[in-house]
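What follows is a pair of complexes built around chain A, which joins chain B in one and chain C in the other.
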Partner chain A sequence: MLKKIAQGLALAAALSLPTAAQAAETLKIGYSIAKTGLFSQAAPSQVNAYDLWAEQVNAAGGLDVAGVKHPIELVWYDDESDPVKSAQIYERLISDDKVDLLLAPWGTPHHLNIAGVMEQHGFPLVGNTAGSVAIREVEPGNIWFPTAVLPDRIGPALVDMLAANGVKSVSIIANVLPFSQENLQFLVPALEAANIEIKMNESYPPDIKDMTPLLTQMKSANADAVIALTYPSDAFLYTGQAKELGITTPYQFLLIGPTIAAYKDAFGPVADGIITLGHWSPKQTDWPRAQPFFDAYVAKYNSAPDYLDSALAYMSCEILQQAVAKAGLDHDKLREVISNDTFDTINGPVKFKGVENIITPSAFLQLQKGDMELVWPKSIATADLIKR
Partner chain B sequence: MESLLSGQLLFAALVLGGLYALIALGLNLVYGTMRLLNIAHGDLLMIGGYGAFWCFTLTGMSPLLGLPVIAAITAGLGIALYYLLFRGQLSSGKPIPQIEANSLLLFFGVSVVTQNVIALAFSATPRAYRYLDDVYHFGQVAMTGNRIAALAIALTCLVAIILVLNRTMFGMSIKALIQNRDAARIVGINVERVQLTSIALGFGVAGIAGGLVSMAEQISPFMGFPFTIASFVVIIMGGLGNVFGGIIAGFLLAFIEIYAVALTSANMRSILLYGIFVAVLILRPQGLLGKARQS
Partner chain C sequence: MTIPFISTNSSLPAVSATVIGAVLIVGLGVTMGSYWTVVALNLFMWIALTQSWSLFSGMTGYISLGHVVAYGIGAYLVAVTFKMIPLWLSIPLGGLAAGLFALIVAIPVLRVRGPYFVILTFGLAELVKYILLYTETTFGKSSRLLFGAPKTEVLLYWVAALAVIATLITYFVGRSRFGKGLAAVREDETAAETIGVPVTRLKVLAFAASAVIPGMIGGLMAMRSTYFDVLQVFNPTISFSIVTMAIIGGAGDARGPILGALFMLGLAELLWSTAPQLYFILLGLFLIGFVLFAPNGLIGLIKRRKQPKGSVS
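== the complex of A and B ==
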């Protein structure tokens, strides 16, 4: 009888005593995202990475905050693709929702617009999907950018890769939207410095519906390489119509588009050999976290992650996670750790100097037999660049 | 200059023109018969695109064979909206400018709701599929299978609708309603039936156009707006409510887009397109084939 009472009391005690995880307060991690509007097509690849990360953290018992694990909850608002709204949302997340940590919005203008809010509140935030030299104008200390997609690094790196493969002439077409034009601005001088002839250099509007005249001219130019500074919708248009016109240029580079899963769905083997922007691949075995991320993403969403945006978004979560594990939630300590430590991410080590990641090089991917291979620079390449 | 005479540019202009004309036709039917300004028109294309995508990826069925089903879905949506939102407006005896203004606001709401419902249902992630993507060569002209199919189906739909409008009693009653609503009622035309059929036809055609577009482009919940703009440019240029004028304007814009870019620069595309559009509005405010309205 006494034994039964003791067992009952033990059971009652076990049920009434919270576990360590239950006792720990749930942490709120906030962000704004372009759920609707112009950039909403791009946002899911970033949100998916956030959701996957949060799920993995909670499945592992919570976020390690200086030795104590806390469950996490993501809090987000739709910024309607408006950078001004994004800044208002971060203000609200910090002041009203009193979130414990922040994740980044999508896109360069949004990052630049929220930088002031971060500085005003002294709230540290690891950015991700911003790609402009303008990020260097942001006051360092509260925001960091792990991306290697910076136009003044991309242009020279692309020229190095083409020159190393014997390219003597190029045809360039460029969307008039800012990221393409910023890349063009740094690409042309780099080509000229390398004595690579520019046989054609044409810009086109973002709502272009047919590229036949442009690509007919490109075919006549007969350059050794094509550099198409595209956004996603025109990357699709280019690839379909270049195939129709029989453009068989051995090296064809598209700026944004081919890393989206739908691109491969749309073109299959036709896209083989297309080169694009990206510094991450699950095939890089020196980064042991890369393939598990890819596998977990595919298992959860039944499609491949975006090699650029999903990877960057997940990297930013990893950096935050490692910094919080060491520094806790204190903003000053977090700032110091993020600014000085080296982080182990799916994209290899990341270390910041000022706002910029100084380890990850600007790099290029190539679709080879349906897989995205890193082909440049050699230091992180998973395969050699091949001709189409 | 030599390339201007090439069949390649002609083929590109015909494909683009066929799509512009088809997209604008649906908008024109709805505006012409009911004076409803459907700024959710591009979203119907988006629904058609998703219909074709799911038809192909889930069932493996040809999106072309799925077009009647897609047209039925978008036509059904048109009928539902007619009864829910517009029937009362149209029978209220309100002046046309007020019906136009109200429809603009209502369709704006429809557009926002449609985009977000699709985004919630399928996510905003762009989607695409491969269908009829082999390239065929006819002399010097290369044509992708899905673009040939898009041209053929767009032309078939356009010709069929023109024949219906011109050769059948029902088509003539649609034209009569476009020309003069009150007179059409006086001569015994069942205005409500014609309106209902017109909205179903207009929405159905937009769904078909979306299915055709999806064979060559990525689709996403927010892809519709540029098509809405393009279709408004076409029908305003052709003459609001003038079905034949809209078809001519659709092809005209496509030929300008292809040949003007070939002659100048791709950077000039928007300047030329909208410049000519503005010029037409200044010189012929009623559109190329429209008749000036009497006050």
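== the complex of A and C ==
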């Protein structure tokens, strides 16, 4: 009996004595995400990366804040794919929830809409899934963009890749949403400069439910390559309907969508040979952090990460983590470190000039026998581009 | 679809209370911090939009499901002229452009009634959205950044002022000869025309007037976002929300839109962060409940409680 009492007292004492981890205050890290609405298919890629990162950080004893480790807790709200609501959520996270750090929402409109909130509060945030030349209009100092998918770099790079593989004509279809249209804006002049004939160039609404008329037109155009400037939901629609209509164009590029694991799971071998946007691969051995991230992600979620969005989301966490380890939570110091340091990420080194990552090149991935391979540029390629 | 409407019998003290209430909410919003400033801003935005909708649809019985078109036109004009002309000029111009657009389309649009009018107004808003979207993309302007806009507090003052003005307009029009004419249209348009009510003129004027304040609100709310694209400001959800607030609050009485906006925003603030799905479920249930059991909205329920027992309404 006495032994039991002694054990109980010892346990109570152990529970009441704060360990180093318990003593450190839990840090709140906030974000908004498109859990519902038009962009909800893209959200899990990003949220999974955030959750994995938070789990890894806590498993390692917490987030290193200038030498002191703190456990972290993620605080998020559904922005319903509405950029205006996203801005309101960040306002709440900063002024009401009083979060210590912030992670980014999904998509260009959301990033650019919260840029004003960051500027107003002087709160530093490392973005991730935004790709627009408009980011350069954002005043440097409160938001940074590690992405390499900027339309004025993608268009010429895509044309270089197609020209190098003997493409003489293309058919283009484009979603009317901003990222697709901005890419179209830079793609067309690059194609014209390379003397690649544009046999078809049509735009379609974001909530398109049937692409049959467009794809029938595309089939009869019989170009060497298809460039479909898609968002995730229409990338799924295109692939399904292109198969039904027997579109066998040797080079088929889809802007956003194929990097999501669900895309490969949905289409299997049908999607083999599809080319898409992305500058990360676990197979690139020059980036030693890449494969461990891939393995940890697969172990946790039993599916591959999104090669674009999960990678970018995780990169943004790595950048924030390394900056906080050096600067702590002081916004001015964080701003200085993020602006000037070079960060070691799963996508290799990242350094910002203004708001833009100046190291990572614009690149393309191709599904080859179920694997995503980096196929362009040659400097980081893990495989050659092949015909479908 | 018809929504029964209540005859207007609000009193002047209620209007004074609205003005004082607006000042108090602005003060509270500003002192409670930036998030609550945004909540107050949203509240006044919905009050202004729903009051403007009520000015036409509430009084005539023509249910517009495309009121976002006025909001979008105002927002678009302010966004494209941002930093080219001063806001004190572009925002009223946004309101005028929306009013002018309504005036131009009024004659053909107001020739139809009932469900045809509902569908036509919805389609019109979608048509304008896609015309502007294709215009923007053709000129390579798929989006715009609006940095350097006024602070949220400043926008709040303007939007609150417009909400008060919209409330007073609805209140006074309801008591005017013009308002009585609109009520006659609502009760029996053919009979009204037969006895000499200038039906077409009244409808066109109310339709155009109801677009001016939403145009200005759109311009001001465009300043709230640093990112502008056409899809965002022509979002049909804005029209649906306006009609929902009018049904819940009660149309045809200046107090109805205030109650509707307060109810919906209160419900949203209570639930959106903790149980967003529950919010939409409850909203649907409330909507069904109000249409079936309290078609005159919250203001109708209040009036019913105040009515002496045994009196004939």
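Keep this in mind: the second predicted complex is superposed on the first by the 370 of 388 C-alpha atoms of A that agree within 3 Å, B and C clash if a C-alpha of one lies under 4 Å from a C-alpha of the other, contacts with A are read in each partner's own complex, and residues count from 1 in each chain.
Assume a contact is a pair of C-beta atoms (placed from the backbone, for glycine too) under 8 Å apart; a residue touches a chain by one contact, two chains touch by 3 or more.
Note that the structure is a prediction, hence the values are computed from the model and not measured.
Undergrad: I'd like to know which partner A:D384 touches here: chain B for first, chain C for second, both or neither.
TA: Neither partner.
Undergrad: Once the structures are superposed on A, label A:G37 by its partner contacts, choosing first (chain B), second (chain C), both or neither.
TA: After superposition on chain A, A:G37 lies in contact with chain B alone.
Undergrad: Check the residue A:Q181 against both partner chains and state whether it touches chain B (first), chain C (second), both, or neither.
TA: A:Q181 contacts chain C only, not chain B.
Undergrad: Which holds for A:D210: it touches chain B only (first), chain C only (second), both, or neither?
TA: It touches chain B, and chain C stays clear.
Undergrad: Just to be sure I read the superposition right, which of the two partners does A:E192 touch: chain B = first, chain C = second, or both, or neither?
TA: Neither chain B nor chain C is touched by A:E192.
Undergrad: After the superposition on A, what does A:P109 contact: first (chain B), second (chain C), both or neither?
TA: second
Undergrad: Which partner does A:S95 contact after superposing on A: first (chain B), second (chain C), both, neither?
TA: Touch status of A:S95: second partner only.
Undergrad: Go through the superposed model and pick first if A:E137 touches only chain B, second if only chain C, both, or neither.
TA: A:E137 sits against chain C, while chain B stays out of touch.
Undergrad: Is A:L245 touching anything from chain B or chain C once the two structures are fitted on A? First, second, both or neither.
TA: first
Undergrad: Where on chain A do the contacts with chain B and the contacts with chain C coincide?
TA: Touching chain B and chain C on chain A: residues 36, 176, 203, 205.
Undergrad: Which part of chain B faces chain A closely enough to touch in the complex?
TA: 3, 6, 8-9, 11-12, 15-16, 115-116, 119, 123-130, 133, 135, 142-144, 147, 216-218, 220-222, 226, 230, 254, 257-259, 261-262, 265-267, 269-270
Undergrad: In their complex, what parts of chain A are in touch with chain B?
TA: 35-38, 40-41, 43-45, 173, 176, 202-205, 207-214, 216-217, 220, 232-233, 236-237, 240, 243-246, 260-263, 265-268, 270, 303
Undergrad: Across the complex, what residues on chain C touch chain A?
TA: Residues of chain C touching chain A: 33-36, 38, 42, 130, 133-134, 137, 140, 142-147, 149, 151-152, 224-227, 229, 231-232, 235, 272-273, 276.
Undergrad: Using the touch definition from the top, list the residues of chain A that touch chain C in their complex.
TA: Touching chain C from chain A are residues 36, 77-78, 80, 82-84, 87-88, 91-92, 94-96, 108-109, 112-116, 119-121, 132, 134, 137-139, 176-178, 181-182, 184-185, 203, 205-206.
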